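The structure under discussion is supplied below as structure tokens; questions concerning it will follow.
Each chain gets a letter, A, B, C and D, in the order it is written, and its residues are counted from 1.
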Amino acid sequence: MHSARGEKHWIIPDAYIPEISSGSLLSHESVCVLNVSSEEALINFTIYFEDRDPIEDILVVVAPRRTKHIRTSSLNKEGTPIPVGVPYAIEVRSDIPIIVQYSRLDSTQAENALMSVVAYPLR
Amino acid sequence: MHSARGEKHWIIPDAYIPEISSGSLLSHESVCVLNVSSEEALINFTIYFEDRDPIEDILVVVAPRRTKHIRTSSLNKEGTPIPVGVPYAIEVRSDIPIIVQYSRLDSTQAENALMSVVAYPLR
Amino acid sequence: MHSARGEKHWIIPDAYIPEISSGSLLSHESVCVLNVSSEEALINFTIYFEDRDPIEDILVVVAPRRTKHIRTSSLNKEGTPIPVGVPYAIEVRSDIPIIVQYSRLDSTQAENALMSVVAYPLR
Amino acid sequence: MHSARGEKHWIIPDAYIPEISSGSLLSHESVCVLNVSSEEALINFTIYFEDRDPIEDILVVVAPRRTKHIRTSSLNKEGTPIPVGVPYAIEVRSDIPIIVQYSRLDSTQAENALMSVVAYPLR
């Protein structure tokens, strides 16, 4: 049995899905979760905007002893996805401790640009 | 009612507004703030330089349950903006806890480059 | 005698070896370790995937008062390397405290892209 | 009087001065220090390598209430600079608390790539 490690609550203030892709790679963001434990982790996303109310309770499961690199374009609330080309922020809560990193690949212009941060843990 | 989370005091040592943009994207920096609380957050920026006194008390409001991705080029003290092409540093203080991330897009050369860090929290 | 500093346990949720390189630089990732102590550090890697069991107990030694920038493509378990083009995550354990940073250079498209994070320390 | 904030000891495991520049920007790294206090900060750098002994006691002063974005190519020990094209790591010590961020611009290929991390604080 492997016990859960990390934190249950993580914040990513700078999220943005680029509208445009060019070249061979698609612009995208990933919320990368590691669950080192022998139990399933149930993840709950809240999406915050600049000018409208948050979208709450988008749920994702991460299997035991697995990572999951979650494309933000795959997140949706009753079929409605996160809008592209809009600044937003992400709150990640989990029922057990996990570790969260956020990365963005922007291929708006022909060559790709990358950025990445470990999310900010709330304790 | 949602309570405030994060820290009231954050530091970004490496700030720089590129002088040049090329291609389809404008060079810029953003200070990305998330206010998860049900109260307004009043943000106070101090801008430090290498060779002159700091600019103090630039104020920005972030609404309850909202993110704000603040372009540093929009910050100004009585109409005077932060100079471009000059190394500087940013201190962010807030009356309630928030979470702060800093990102820069540099399109000095034709294809864009990205960097991002979660700001350093002072406790 | 210099004593060990840092932490013994670090996590990198977002790892990925790009399949393609173009231009003059090879796509690669590095796990960069600093051992400030006067003793050798014995590093133990666990590699987590999205859809299969982890690879455990890949061992690397970092000499006293040295850094080592470990290419993930050099890591292997009984001759089997980490697969390219697959999302994965890295757990780094050490017998003495060290400091760990992770960087990726992606040259899938002709110009290179860089990202870097300090790994997340577990205490 | 402004008191010092941050930490006195910071680590950057992944440092590297690219050998090549192309396009309009020079490849370089910066160690960006913020001294929010009313006192001068005396910074002491140790440079660690993969295959030789560290270079110790490179000294830099950061003035009160100022930032300093220190190009690593400007650091030298009795006239000997840090070699280019070699993986290394940086230890930053200060007599008073400061905040440290590290950024690299790589223009080996024609378009620039950027990466940045807040250094890891040792407490």
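In the analysis below, contacts are C-beta pairs under 8 Å (C-beta built on N, C-alpha and C of every residue); 3 or more make two chains touch, one makes a residue touch a chain.
In UniProt terms, the chains line up like this: A, B, C, D = Sensory rhodopsin transducer.
All values derive from a computational prediction rather than experimental measurement.
At the interface between chain A and chain C, under half of the residue numbers involved are used by both copies, so each side presents largely different positions.
Its C-alpha atoms fitted onto chain D, chain B is found rotated by 90°, rounded in steps of 5. Compared with chain C, the chain whose C-alpha mean position is the greatest distance off is B. Inter-chain centre distance (chain C to chain D, centres taken as mean C-alpha positions): 22 Å.
Between the CA-based centres of chain A and chain D the separation comes to 31 Å, rounded to the whole angstrom.
The residues of chain D that reach two or more other chains are 110-111, 113-118, listed in rising order.
The part of chain D that touches chain B in the complex is made up of residues 5-6, 23-25, 30, 32-34, 36, 65-69, 99-103, 105, 107, 110-118, 121. By the touch rule above, chain A contacts chain B in their complex via residues 9, 11-14, 16, 20, 48-51, 53-54, 87-89, 91, 104, 106, 108-111, 113-120, 122.
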